[in-house]
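Per-chain numbering from 1; labels A, B and C assigned in written order.
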Amino acid sequence: MFFQVIDVLGTIAFAISGVLVALNKKMDPFGVLIIAFVTAVGGGTLRDVMIGVNPVSWMTNMTYVYVIFGATIFAILLRSKINYLRTSLFLFDTIGIGLYTVVGIEKGIGAGLHPIICISLGTMTACFGGVLRDILCNEIPVIFRKEVYATACIIGGLTYFLLRKFMADSNLIFVIAIIVVIVIRLIAVKFKISLPSLYKKEVE
Amino acid sequence: MFFQVIDVLGTIAFAISGVLVALNKKMDPFGVLIIAFVTAVGGGTLRDVMIGVNPVSWMTNMTYVYVIFGATIFAILLRSKINYLRTSLFLFDTIGIGLYTVVGIEKGIGAGLHPIICISLGTMTACFGGVLRDILCNEIPVIFRKEVYATACIIGGLTYFLLRKFMADSNLIFVIAIIVVIVIRLIAVKFKISLPSLYKKEVE
Amino acid sequence: MFFQVIDVLGTIAFAISGVLVALNKKMDPFGVLIIAFVTAVGGGTLRDVMIGVNPVSWMTNMTYVYVIFGATIFAILLRSKINYLRTSLFLFDTIGIGLYTVVGIEKGIGAGLHPIICISLGTMTACFGGVLRDILCNEIPVIFRKEVYATACIIGGLTYFLLRKFMADSNLIFVIAIIVVIVIRLIAVKFKISLPSLYKKEVE
């Protein structure tokens, strides 16, 4: 139940981030809705397709569809005031990527895959919705350039597998790994830490 | 037989639309062919991958391959005169999206999915070939911005499920839903109806 | 063993080509790594997803992961000197697409598909990593515009099926087809042969 609430909050944050990018690109309502969907479910879809889960998860759980519809309409109607919600959305988003990372990892474990592949799947689940959003909007994906976003997922994933060596309580491991992702992202944003572009050094 | 003819006409229209966009991007013959293929079969491929049909449909039916090859060569050779065919192509395309929408819906029903998901699959089948074409050509997908295209598919899909509550003849439902898609698109283009961009309101 | 060496060399060449494009786009280290991965395994992933191999191949063989990691770190560290390796990388890349083409074709044969589809799968395996790389970097895929790249794969694929009519030794066919791809690409680059853009003729 608790995780379902997080999942819904994360889906809302992802969908709204899609709406905001799509509105900036002057899309029509249908385009906005599609981008919201792709942002919210794109990462999980890619993961499911690559490990052979079909139909992909969101197609068999209508909760996602209703939440994304609702969030999209909400964000379109309140788009001039959405700035007031920026902090909440950032928190939802951050909690969401924590959850999605660990969900992706556990799906990879369920498919019998190597820890590194599982961490890739977790990171993909958390990040590739945003990547697909940016591609559809004809932008270079923002997470490839600016944010400590995937890095937080990767470190959370490493923590997950490290803890599995020492702890037996899988629920606790699940929660700790999520918290690691969240804390790293919060610290990175708070102190404006980001990975450097490697470009400048190249032209030295 | 009748539906196969529609299917071939739709495939021709989609392939030629791919050729025209690719020529504008100064692609070489191979690039043009690939874009024609992706436009014609991209939507169905995405649908099949997401519901777990593999190999994807066009790989096991050579008709598509031959039709797309033929349409591509035809469009390249006659590219300076293709404007004369614009109305025919528009009609083929419109009939094609009607058919593909309903085919996608019925594949979703066959996979036991919820009506809303089925309508999404139908719309995806009809529209995402064009979306992939635009992404490969580095454009923001045109259907996200200008056309009453997906909207026609969605309304056609809603009609399909509405009719299923009242009618038993599945062939008739199939045909009516296709006609609904076609009529809406024709009316929208005739009267230049399109969904508004939400952007302007945003900056009010 | 011999083919594994080729496979590793090809993977290195593909990963490094991804690194170089990503660095030019001023990506951070994480973005560079992702682009390297996508370039190296993207074509095979698309092929596997479309014919229903899952989990996709690279997820069950850690060699690819380690090689791509290594090649990425190597290319980032030596990025100012990578020009000295340009010829070696071009050769690795060329040998790589030869191998990947034929591997893709044989996977298609294994799935019982038509020769034309098998050649498409082979070409996709060899070329679509680069296509995905360019899409993620917000470029029109270079192989659609300039290079005799896919053309070499297609001719190699045709050779493969032609030889199967006359020869029984499948290993020999495998090797000859690879060599055909390599030779065509080398000749094309040596003599600066490329397919013409069809655009100019269009505006005549």
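Throughout what follows, contacts are C-beta pairs under 8 Å (C-beta built on N, C-alpha and C of every residue); 3 or more make two chains touch, one makes a residue touch a chain.
Which chain is which protein? Per UniProt: A, B, C = Trimeric intracellular cation channel family protein.
Because the structure is a prediction, the values reported are computed rather than measured.
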{"item": "Copies chain B and chain C - rotation angle from C-alpha fit, nearest 5 degrees", "value": "120"}
{"item": "Chain B against chain A, contact positions shared by both copies (same if over half, else different)", "value": "different"}
{"item": "Separation of mean Cα positions, chain B and chain A [Å, integer]", "value": "30"}
{"item": "In chain A, residues with contacts to at least two other chains", "value": "49, 52, 135, 138"}
{"item": "Residue ranges of chain A in contact with chain B within the complex", "value": "22-32, 34-35, 45, 49, 52, 54-56, 59-60, 62, 65, 76, 79-80, 135-138"}
{"item": "Residues on chain C engaged by chain B in the complex (per definition of touch)", "value": "49-52, 111, 113-114, 116-117, 131, 135, 138-141, 143-146, 150-151, 154, 194-199, 201-202, 204"}
